[in-house]
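Only one structure is covered here, and it is reproduced in the block below.
Letters A, B, C and D name the chains as they come in the text, with residue numbers starting at 1 for each one.
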Amino acid sequence: MNKTLVLGVIGADVHSVGNKILEYALNLEGFNVVNLGVMVSQQEFIDAAVETAADAILVSSLYGHGELDCKGLREKCEEAGIGNILMYAGGNLVVGKTPFEEVEKRFLDMGFDRVFPPGTLPQTGIDFLRKDLGLANISDGGGSL
Amino acid sequence: MNKTLVLGVIGADVHSVGNKILEYALNLEGFNVVNLGVMVSQQEFIDAAVETAADAILVSSLYGHGELDCKGLREKCEEAGIGNILMYAGGNLVVGKTPFEEVEKRFLDMGFDRVFPPGTLPQTGIDFLRKDLGLANISDGGGSL
Amino acid sequence: METTDKKIPMDQFLETRKEVLAQWPTGAEVDFREAVEYHHGIPVNKRFPECLRKADENGSTLLQPRAGVALVNEHIELLRYLEEHGQADLLPTTIDSYTRHNRYGEAQTGIEESRRENRSLLNGFPAVNHGVAACRKVSESVGIPVQVRHGTPDARLLAEITIAGGFTSFEGGGISYNIPYAKNNPLEKTIRDWQYADRLAGYYAENGVVINREPFGPLTGTLIPPCISHAVAIIESLLAAKQGAGDITVGYGQGGNLTQDVSAMYTLKELTREYLDRFGFNDVRVSTVLHQWMGGFPEDESKAYGVISWGAAAAALSKATKVIVKSPHESQGIPTKEANAAGLRTTRQVIDMLREQRMPMTDEVRTEMEIIGRETRSIIEAILKIGEGDIAAGAIRGFEAGLIDVPFAPSRYNRGKVLPVRDDDGAIRFLDFGQLPFGDDIKAFHNDMVAIRGRNERRKPNFQMVIDDIYAISKGRLVGRPR
Amino acid sequence: METTDKKIPMDQFLETRKEVLAQWPTGAEVDFREAVEYHHGIPVNKRFPECLRKADENGSTLLQPRAGVALVNEHIELLRYLEEHGQADLLPTTIDSYTRHNRYGEAQTGIEESRRENRSLLNGFPAVNHGVAACRKVSESVGIPVQVRHGTPDARLLAEITIAGGFTSFEGGGISYNIPYAKNNPLEKTIRDWQYADRLAGYYAENGVVINREPFGPLTGTLIPPCISHAVAIIESLLAAKQGAGDITVGYGQGGNLTQDVSAMYTLKELTREYLDRFGFNDVRVSTVLHQWMGGFPEDESKAYGVISWGAAAAALSKATKVIVKSPHESQGIPTKEANAAGLRTTRQVIDMLREQRMPMTDEVRTEMEIIGRETRSIIEAILKIGEGDIAAGAIRGFEAGLIDVPFAPSRYNRGKVLPVRDDDGAIRFLDFGQLPFGDDIKAFHNDMVAIRGRNERRKPNFQMVIDDIYAISKGRLVGRPR
């Protein structure tokens, strides 16, 4: 029942602090975490997801180039035969303070399943992962902890 | 050529700091200043103006009740036979941060000749007084200093 | 009848009470027994004295805004907003200026015009006109304690109505709500009227209901040397304690120089305690409040945030029991609820970030504390002397003689001879001592400090320098250097 | 070839130079002789070194924002706005992340998409793509000095183009722009590449044009103990001085505990001076910069103003030569020009209000300074030892051995074993020392301080405590107390 997640910070982005915390929190929660760290290319995300038969890809982007960096990722997944993989994005996804609804729309349109605003705590992502991956909720008495 | 000004803070307003500074600055400038201080009623302004044959009335209101307090002052001046006296108002004239254009309009409509926004320095008032009272400008080499 | 520091006898108090309650129709709503019962039902976390004590025990600083509008529902909405979105710990009900001057008729007009225009035309909440039931509605609508904040020379009816209305703290005093807030009110009368308010607090206390009392610290809010406001705080604390008030918060308006502000806050508590104990009021509880900068604010809101933050820092580093918070609209007008909450949140961030820190006892702080102590004691001792041991009579004669003198105050019962000015480090000193009863050593200290500044600025310290200091913070500086 | 601390011989430098200028077409625009001439024509008040020296002489703290957008005219408009409406003293040109990673092709795409969409899609100004003439247009459009701020491991071409482009200061260093800003770049290479940038500054200096150089102080901006960033600052200063750089600004990112921050700023200058002198660089000028809190910011803008103000206060009270300013948008994204200017004005108000004040030399400051001094010297001496006297070789080997180790850094050339945590007063201490070369006394001090906090919070200090500290300021506290 151990779900595998590929985690990383996309593009030329080096913001490593949130990534380390996410890894720690997801591990605690019992997920099998493949953390690619920072400065991860689209190809690296896909290769890791294929290789580990991952259940989800979690993309972080903090530095503002998220839009440029994420374009085409869903299409590449499709080409690689994992077109249906669950795909999340979070962080400071665009340049500049922007109403989150706009940002969410842009990223949903790009093929992400869920999008998270700046300042999202790991627990929020975890709760959605459990739901989307069909895992019992911790508060339901289940869970893998 | 000494012009006489009646100065005061209207209504139940006790903000005395600006009043003391205005008095000092107007005196320095050579005006004949009749300072009624704080908590001055409409009647007191008018009595003083009539008594001293003043050239202008300078009303301050800081505490927010300026609108309520100033209503009818021009009409009372007319009744007292000084309907044409120059009348200025300044301070924080209304309750709450309000676009100055609105405030200015309300007070001009009430019969004030000039209206000054929060934070006005005495020199600004003085420059307009010189103009409106037909005095030479200091920078023109004239003035009573 | 001379005003003296005697506890008002019960019969006399009850006699006056009838007159007071008859001043305006809503006075009839006050029923003391019922009000005491009502207070017994107020939960502990909604009582001022308890919250202040807890804060002191935890070493935390509580946040309180200023706020009040003309109409009841709008006022409740405002307070709720500040509780929820401002994360306030304590709430105010700021009273409008007509009520402060007992002009209840004009307040009524203000209420009606506000209803008509659908915006508050009053600069506060006219509690007397609204009456006891409305006050209870206000205090019941929020989850934290509410205090009456005003500036009323004769606040007897206001006290009756608001305390019966469930408020658990009442600001003011016979000096601090006269000298900066009035022009023609003799101290004899305002001190006597405030003895009534204190006696009322004492009456409640005798019936098991402790009401917090807070002398207004900042006075005119403009370059007040600590010893002046400390002296007023001590006198009013002694007067209140004599009438039976059991819980007192003494206040101070931030000056801007951190060493002086911290020293002022430390000495404020120490000296008040010292005098209360000396006169046998050992069981009166003392807490402190720091007011963020009370003088003119910068117009620009982002600059105002800087001033607000520096006030928050001074409160946190001096471990004030509470801090009174300004808003980014300060220079412009009564703040919207959003601006008020924004000032609170800025303050919250700074206070909470600094809660583990305090200003250490440096040599500079020690020196400053010693000076403030000596100055304050000089004033209080001179007042006790001229009052022949009676602090009320002494205060009245002292103001007349200029032994105590509040800079820039509008009252004719204040000498108005003292002139403060900043020294070269921004601490507030005396340029002119008027008749303050200071020894030569203290005077020499101030003269030296001011002279240093004069030398550095190559100008003679005079009224222009004082004016520059008055404008300084609103123009972005602490010290008004020559332009 | 091992990277060592040798001045690059001129012929070798000129050889490499050809390669560097060939990396992107705009390299051809650089003409050294002409650039030197150009710099001689830059007015004194637009030169970084002069402005910093003057500020130190006056005891004032200069304000500098971060700012950069994709297109030239928009970037100029932005800088002008910050000069005029933000009252900045010094301007930046923050470079976008593609350029930082020498991905000039992607930067070009970003420029084009930004043109098309009429908004900046890049997080900075792609100076290399825009070229020398565009940079000159930028620096000529404003009335104050401009610095290049980036985070570029290999900044050789960027340095060539921007310095020829009239910028008078260049931020970065072979460690500080690698370890926090890169993943796969060996220190051998980045230190060597930065020796080139320093040599370029030296080359200009030999021709009478002093370019300010500034190692990036805050590193990962997240709970960096002062000794770590001090050690990096000293190493990079020595490396820069060896290549002939004559004017250095060392930096530190605010931690939040005032005593520690002031002690850090005082020791930063002292220790840098000490080592520069020891290696004979007595005539290299040293100034300091404090960065307002570099970690995660609160989302709420009014809370962000509180954080900004506290950073401004730390800079003023520690008499930093300059302060790098954050904006109320920090937690959200690159600020609009209005938000950026607002952060500057808040800072301006606080800095100017506090200009007369400084943190006095308390026992607490003295103790903290001594500890920072001992820790920093331990690290530098261990590095010199492992480098057999060579600071470049020592730094490379030292990072490998974990003698120096930057918390939370993304680089694989950083050990990543050190864990910082706040003590009970909010000062940043070590939870895990990794391989840091500290004596038992220093370790005992940190362990004790951390243990006190653990006891007060009734929990074992561990990674959860570190995480709580990382979130703390964004959640409104300095110390991440258990929820």
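In the analysis below, a contact is a pair of C-beta atoms (placed from the backbone, for glycine too) under 8 Å apart; a residue touches a chain by one contact, two chains touch by 3 or more.
Please read these numbers as outputs of a predicted model, since none were measured by experiment.
Chemist: State the smallest step count from chain B to chain D, taking one step as a move to a touching chain.
Modeler: Each step joins two touching chains, and the minimum needed here is 2.
Chemist: Taking each chain's centre as the mean of its C-alpha atoms, give the chain farthest from chain C.
Modeler: A
Chemist: So the centre of each chain is just the mean of its C-alpha atoms; given that, what is the distance between chain B and chain C in Å?
Modeler: Inter-chain centre distance comes to 30 Å.
Chemist: Just the number, please: Cα centre separation of chain A and chain B in whole Å.
Modeler: Averaging C-alpha atoms per chain gives centres 65 Å apart.
Chemist: Chain C to chain D: how many Å between their CA centres?
Modeler: Whole-Å distance between the two chain centres: 45.
Chemist: Which residues of chain A are in contact with two or more other chains?
Modeler: If we look for residues of chain A contacting two or more partner chains, we find none.
Chemist: Can you tell me which residues of chain D touch two or more of the remaining chains?
Modeler: none
Chemist: Looking at which chains touch, is this a line, ring, star, complete or other?
Modeler: Contact pattern: an open line, chains touching in sequence.
Chemist: Can you work out from the touch definition every pair of chains that touches here?
Modeler: Chains touch in the following pairs: A-D, B-C, C-D.
Chemist: Quick one: which bits of chain B touch chain C in the complex? Just the residue numbers, please.
Modeler: Touch residues, chain B against chain C: 11-17, 20-21, 24, 37-39, 63-65, 67-68, 92, 94-98, 118-119.
Chemist: What part of chain D is in contact with chain A in the complex they form?
Modeler: So the residues of chain D touching chain A come out as 96-98, 100-101, 103, 106, 109-110, 113, 119-123, 151, 180-184, 220, 222, 295-296, 299, 329, 331-336, 339, 408-410, 463, 467, 470, 474.
Chemist: Please give the residue numbers of chain D that touch chain C in the complex, ascending.
Modeler: 256-259, 298, 300-310, 312-313, 317, 341-343, 345-350, 352-357, 360, 362-364, 424-426, 473, 476-479
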